[in-house]
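Consider the two complexes below, in which chain A is the common component and chain B and chain C are the respective partners.
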Partner chain A sequence: MVDALHALAWAPFEQFGFMRRALAGSLALAVSCGPLGVFLVLRRLSLMGDALSHAILPGVAAGFLFAGLSVGAMTLGGVATGLAVALLAGGVARATPLHEDASFAAFYLIALALGVLLVSLRGSSVDVLHVLFGTVLGLDDAALRLVAGVSAATLLALAAGYRLLVAECLDPGFLRSVGGPGTLAHLGLLALSVLNLVAGFQVLGTMMAVGIMMLPAASVRFWVRTLDRQLALSSLLGAASCYAGLLFSYHLNVPASPAIILCAGAVYAASLLCGPRGGLLARRFSRPAAAILQGDVK
Partner chain B sequence: MPADAAIAMRDLDLGWGGRVVLRGVSGVFERGSLTAVVGPNGAGKSTLIQALAGALQPLAGSIRVAPGLESSIGWLPQASRLDRSFPVRVIDLVSLGAWRRVGAWQRLPDAERERAMQCLARVGMAERARNLIGELSGGQLQRALFARLMMQDAAVMLLDEPFAAIDEATSALLMDMVRAWHEAGRTVIAVLHDLDLVRSRFPAAVLLAGRVLAWGPPAQALAEDRLQRARAAVASW
Partner chain C sequence: MILSLFSHLSRRGVRLRSAARPARPPARMSAAAAWAAAVLAAALPAWPGAAGAAEPARLPVVASFSILADMARQIGGDAVDVHALVGPDGDAHVYEPTPADARRLAQARVLVVNGLDFESWLGRLREASGFAGQVVVASQGVAPRAFTGTEEGDGHGHGGDHDGDDHDHDHDHDHDHDHDHDHGDEHGHDHGHHHHGSADPHAWQDLRNGILYARNIAEGLAQADPARADAYRARAEDYVQRMRALDTRLRERFGALPAERRRLVTSHDAFGYFGAAYGVQVIAVAGLSTEAEPSAADLARVVQVVRRDKVPAVFLENITSPRLVEQIARETGAKVGGTLYSDALSPSGGPAATYLDMFEWNAKQLLDALQP
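== the complex of A and B ==
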């Protein structure tokens, strides 16, 4: 029994270095992406993460076009176009009647098309798949260092700017009225998102990286009430999804990146259904009590 | 600006998304004054308060704050602006009132936390300090926002519909606090809908309807013919 459990849950990581590297890289990513996703959800920027994940694609593709599968070139390119789209979309929203979400949608669709075009100029369809869906089972030292560095920097930035981010997400108008740096908080949040998505594309690919950011973040409020606990649990759920996804990928011989995101999706579905704080089952069974309190049920 | 002015406005145009909501506002809120801002829905009352609070940039004209008071403006926004599902405790919401003293980057000092507890106790909410804001009733949330305003310890208090959708006991408690601030020499400007309250408790009123229709003692500023003009002006838009 113990041997079977060991073979199922730990032996792949013991036997294969690429599995250990995949676990280390994806855990580092999940630990920082989860809390970042929680702040994006609270700031009602959930779909911005998706838009930014597409926005980094042309930069990554340009890096690939000029330097091949080089972590440094693709990272620099991704950060550049991700930040450019974030600033452009924000600028257009402020200068015109277009809302920021519509402005983001326009720019990310252009970016996505441009990115795919650029990758296909030089690479094969296999290269396109690498960029879109990651190479978590083939992480090299440079990619691991990048992910670990971005993860550590993100956690430090979130810790240092915690009060600022809470104030900006809770009551941005009040923050402006007391002279707080609301714009810095907003841009900082977007910049950290871009950095994590660029690091994430090494691991999960540009299309999937946003999943490990948003799915745990959307799950946590069904389990815990306070922000500090939601931040911690988002990291934990993301890490668990990575671990489970890698095992599914290994045992069932399916691609790792979608397996990880599907595990995060399963956690979300379970939270939606079974979460004690607003989950569908909890609401179903607590409704009679609420009705009695309101005098609807005699 | 006049020596006794707390805030002076000149030819002020205010609006959102390129649309002018309030046009050509000029006038002075004197130091230590207690002024009600009234008008029909859509008249520009909240827009004016947000501009005075620094949360909205004027489209044209200027707002000048007396030297020394620039960083001493407290703002009570409409409670409905807050996302009630935000997972933050009441004590943390109130502690935001210490922002100008604490800033963005340091941990909240124990003394400020203690002060926040005292402010909560003043509005009868000490036992709710560790509740999430989503667990409060409308009146309790308004009390918590008053506690945050007290934390700001500002010389100029801007209140946006402070008594909307709350029970009478809470209204009476909060109105007494407004009177106490006024008697302590603070400048108080409040957006209100209850004209009887304005007539009985406020020495001055500003009537808005896309512009300033009247400014002075409520008996004159809120005369029936002026109120009808205000309603007609907003209805014609």
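== the complex of A and C ==
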């Protein structure tokens, strides 16, 4: 029994270095992406992650064109264009009547087109895209260092700016009225998102990285109420999804990145249904009780 | 959003790209071309040599990818003008044709394709371009290798405890997907190798198939351009002689390798014909197409085989990402034996700029790394 469990749940990591690397890289990513996602959800920027993930594409492509498959060059490029899009979109939103979501959409689409163009410049082919999309099974030392570094830096930054971020997310008007640096908090949040997505595309590929950021974040509010618990739980759920996804990929012979995100998706679906705080089942069964209570009061 | 969505989809075999592309060249472009042609026509009589050049123009030929283009050039010589749709180092499994491709194809008189469902994107381009010339299916007459997963069909000892009991594997698996039944393995694999059809398209990796390719191409050129038919056939025969000589030499060289070192570990399954021809056992992480993303199980299977059989070297491919093969090297201590050219040639000036150079280069990489 214990042997079977060991063979199922741990032996793959014991036998294969690439499984350990995949686990380490994806766990590091999940731990920092979850809390970031919770803040984005609070700030109603859930779709921003998706936009930013495409904003980094031209930079990554340019990095690849200049320096080949170098983690450093691609990261630098990705961070540069990601931040540029975030800043430009934010700036336009503040300087003109255009809302931030609209200007974000405009800039990220421009960036996306530029990225596709750059990718196609290298000869004919889509093969650059294959190189650009990371695979969790192919993590090398440089990629692992990058992900671990970004994860640690993100957690430190979130801890340092915690009160500021909470104020900015929950009551930006108040923060501004007391002269708090709301813009700084907002930009900091976007910058951290860019950084995590750039690290995440090494591990999971761009779209999948957004998944590990947003799915756990969307799940946690069905379970716990306070922000600190939500932050911790989002890391935990993300990490569990990575672990389970890698095992699925190993035992069922399916690609790893989609398996991880589908696990996170399953967690979300379960939360949606069974979560005690606003989950569909909880609502269904608590409503009659509430009605009776109300009736009693009358 | 859109990009990564369809990049992921297209790796899974759903093709959205070409549908979204305008297939006709922009009108302004053709106006410019017409204008240029008019200017050229006006200028031509003044050109001293032009009036005397009664020689018919070069035969415009389009080939789907670089290897076929090189063959057509070798056979056509100066008489043909060959363009490859997917150029050097490009991946012809997935390709997004451009309007310029459609224009080239519309003007071509011969189209050389591999066949065996290799260029799945080509049918739509052909229709859109209105190509009305001769289509040469280069692989015609080749005995297709059925797709049976990878040749190393039995590397499924997941627990690591199968290491001793599955050494009866040096036969070709002609049966479909039933090679893991005898291991008492609880994981029901169905080998999610996403491939184009049931036949392996990489037939050019056997020089004797290359000979068939050359003759097919020569016949196609001869039919499209009967005036020079004899010249095409003569050049093709000369080319075939060179292929034969290389084939014989490689058979000797690989035959001299100890059997247990004749292993080719690489990223996608492009060397099946090569392996069958030269007695090399091929072990690939991903399936026949570069589109599929391998699973952890795929990678684990290859790692285990490399460890168990102490395979000395693993090989990169010019058209796929080196990450997975490097991971296998890290994991097993096998060295990275060099880059093989599987589905595309190198740019001119590179080590594998022609089909024959590619063969020599690949063989040298393999022999150097696998020699005891």
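Assume the second predicted complex is superposed on the first by the 283 of 298 C-alpha atoms of A that agree within 3 Å, B and C clash if a C-alpha of one lies under 4 Å from a C-alpha of the other, contacts with A are read in each partner's own complex, and residues count from 1 in each chain.
Note that in this section a contact is a pair of C-beta atoms (placed from the backbone, for glycine too) under 8 Å apart; a residue touches a chain by one contact, two chains touch by 3 or more.
Computed from a predicted structure; not experimentally measured.
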Inset, instruction - Would you mind checking which one, chain B or chain C, touches more residues on chain A? - result: C
Inset, instruction - Kindly classify A:82 by the partners it touches after superposition: chain B alone (first), chain C alone (second), both, or neither? - result: neither
Legend entry - Which of chain B and chain C A:252 touches, first, second, both or neither: second
Inset, instruction - Classify the contacts of A:166 with the two partner chains as first (chain B alone), second (chain C alone), both, or neither. - result: first
Inset, instruction - Name the contact category of A:57: first (chain B only), second (chain C only), both, or neither. - result: second
Inset, instruction - Look at A:174 in the shared chain and tell me whether it touches chain B only, chain C only, both, or neither; answer first, second, both or neither. - result: first
Legend entry - Touched partner set for A:207, first chain B, second chain C, both or neither: second
Inset, instruction - May I ask you to decide whether A:227 touches chain B, chain C, both, or neither, giving the answer as first, second, both or neither? - result: first
Legend entry - Partner chain in contact with A:15 - chain B first, chain C second, else both or neither: second
Inset, instruction - Name the contact category of A:42: first (chain B only), second (chain C only), both, or neither. - result: first
Inset, instruction - List the residues of chain A that touch chain B in one complex and chain C in the other. - result: none
Inset, instruction - In the complex, go through chain A and note every residue touching chain B. - result: 42, 97, 160-161, 163-164, 166-167, 169-171, 173-181, 221, 225-227, 230
Inset, instruction - Using the touch rule from the top, collect the residues of chain A that touch chain C in their complex. - result: 7, 11-12, 15-19, 21-22, 50-51, 53-54, 57, 69, 112, 115-116, 120, 123-127, 129-131, 133-135, 137-140, 205-207, 246, 249-259
Inset, instruction - Within their complex, state which residues of chain B touch chain A. - result: 17-18, 50, 53-55, 71, 73, 75, 77, 81-83, 86-89, 92-93, 96, 99-100, 102, 104-105, 108, 132, 152
Inset, instruction - Flag every residue of chain C that touches chain A in the complex, lowest number first. - result: 1-5, 7-8, 10-11, 17, 85-91, 94-96, 98, 159-160, 187, 189-192, 290, 292-300, 303, 319-324, 326-328, 330-331
